[in-house]
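In order of appearance the chains are A, B, C and D, and numbering begins at 1 in each one.
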Amino acid sequence: MTDSFHPPDLHFAERVRASFQQQTVMATIGATVRSVAPGAVEIELPFRADLCQQDGFLHAGIVTTVVDSACGYAAYTLMPAHARVLSVEFKINFLAPAVGDSFIARGKVARAGRTVTVCTGEVIALSQDAQRVIALMQATMMTVFG
Amino acid sequence: MTDSFHPPDLHFAERVRASFQQQTVMATIGATVRSVAPGAVEIELPFRADLCQQDGFLHAGIVTTVVDSACGYAAYTLMPAHARVLSVEFKINFLAPAVGDSFIARGKVARAGRTVTVCTGEVIALSQDAQRVIALMQATMMTVFG
Amino acid sequence: MTDSFHPPDLHFAERVRASFQQQTVMATIGATVRSVAPGAVEIELPFRADLCQQDGFLHAGIVTTVVDSACGYAAYTLMPAHARVLSVEFKINFLAPAVGDSFIARGKVARAGRTVTVCTGEVIALSQDAQRVIALMQATMMTVFG
Amino acid sequence: MTDSFHPPDLHFAERVRASFQQQTVMATIGATVRSVAPGAVEIELPFRADLCQQDGFLHAGIVTTVVDSACGYAAYTLMPAHARVLSVEFKINFLAPAVGDSFIARGKVARAGRTVTVCTGEVIALSQDAQRVIALMQATMMTVFG
């Protein structure tokens, strides 16, 4: 898991950012790309009171939305220019309530295969005086052609 | 998995609907409760173009958001009146692209324990001439007191 | 999930049984094929005291071993004659301690794709006077050629 | 995930090793404890031809068995002396075929809660000239009293 990755398409970062722009849900919830590196993408989501569950924490599904995209785009950085990426499945554990001023979702490639890429993700809650891992994801992404 | 369930609190349906009202994200995305029964809850989400991923399908995270709530509330129907419900973790497989006019998320309790409740969920895409299961979830919910 | 499946290879049952014979671990733990149908396979494992965890229950990993094979072979029934099947990943919830005289692992195909097949599995513990679902699996299987 | 852990019971290592001795399946498959530290346990399993799937690789369920125990015992190191540990659920991705002379399963605690502990696990295949991560697990363990 400490491999250095060699993206087959040198324009991977532009490709990720362009695709992210087309994910309309990201504008709807206010998420932005924070960083793009080979096999690693970060997405930031400021807290918003209209994205919560019944106790006023960010809804688990919204936490999932940003880390799913972070994992998917981490996989996408290592795909050929004309491929598309799809989420096959993922699993996520919630370690602590999603309380914070802002949330950073980090997706990383654990293994990139020809068809299937396995990623790990984490979500960190930032508040004035602390940062805390609130969720862990393990995801399977698929390279789709045509 | 065909047990009939006996909710300890007869007002379980009102309790689910009241809690759902407090999930601000549900109003934000346009989801509503479709049905509440002991150990089973359905949530409906009409398609919206501002909740999509890069190919114009509903984003996997939004699909997840509604079925996570459906599973959580299915578990909640079987909890005592003063308990709260939290998602410990879930896993979801995406079987087909989330294309449709509307989506029904169904959560069902597979086993209700004192602390941990296991649920299964599915999401069905409805279009004019077809309905199709597009996602399957397996989730662990927790009963929290105080 | 109530589709009837049409195996492309009519000898699917012989193919499953022949492959199962090559899974040396199945003989080691004493598991046998109980039934094979299109998209559905059952494996039986009698309880054995040398397959247990620290409390004398069947070890979760052994429960997993039989239901992983049941899911894999359920997927395999729908694959072409020259394909192989591999487990991409799975998730399993343990609903009750694995106590019983014998265990039936059932794997079913939820959706068969060209490359990826999604299965659900369950494990039932049989004792003299009861049967009980003790585990639920959701698995992703892959069709491999060559 | 870089917290240092403070086991409430200083005899955690003896407790893990004594419990492992009671897991009869570990002797059956030939697995041994390799290391025990606060929040981290390693189990080793030499390759054996009678624990394989149809292609001669270690069966995914056996890979799972050792890393489930590694995760469970990692959680157990941080539990009070009189608690027991149970696997609530886990998810595992298989990154490469389980080929090697020996396999090391590493379990680590990501977050230890009062009732629920979340662990991550990995399995490394060792051969004469290489070592390779072949599986990643994310697991939920439960502290049980009485």
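As a convention for this text, a contact is a pair of C-beta atoms (placed from the backbone, for glycine too) under 8 Å apart; a residue touches a chain by one contact, two chains touch by 3 or more.
None of the values given here were measured: they were computed from a predicted structure.
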| item | value |
| --- | --- |
| Chain pair with more C-beta contacts, A-C versus C-D | C-D |
| Chain whose Cα centroid lies at the greatest distance from that of chain C | A |
| Length of the line joining the C-alpha centres of chain C and chain D, rounded to whole Å | 22 |
| Chain B and chain C, separation of their C-alpha mean positions in angstrom | 27 |
| Distance between the centres, which are taken as Cα means, of chain C and chain A, whole angstrom | 32 |
| Residues within chain D bordering two or more other chains | 88-89, 91, 93, 118, 138, 140 |
| Chain D contact footprint on chain B (complex, rising order) | 88-89, 91, 115-116, 118, 138, 140, 142 |
| Chain A to chain B touching residues, read off their complex | 19-20, 22-25, 27-28, 49-55, 59-62, 64-66, 68-69, 84, 86-94, 97 |
| Contact footprint of chain D on chain A as seen in their complex | 1, 91, 93, 95-96, 110-111, 118, 120, 122, 133, 136, 138, 140 |
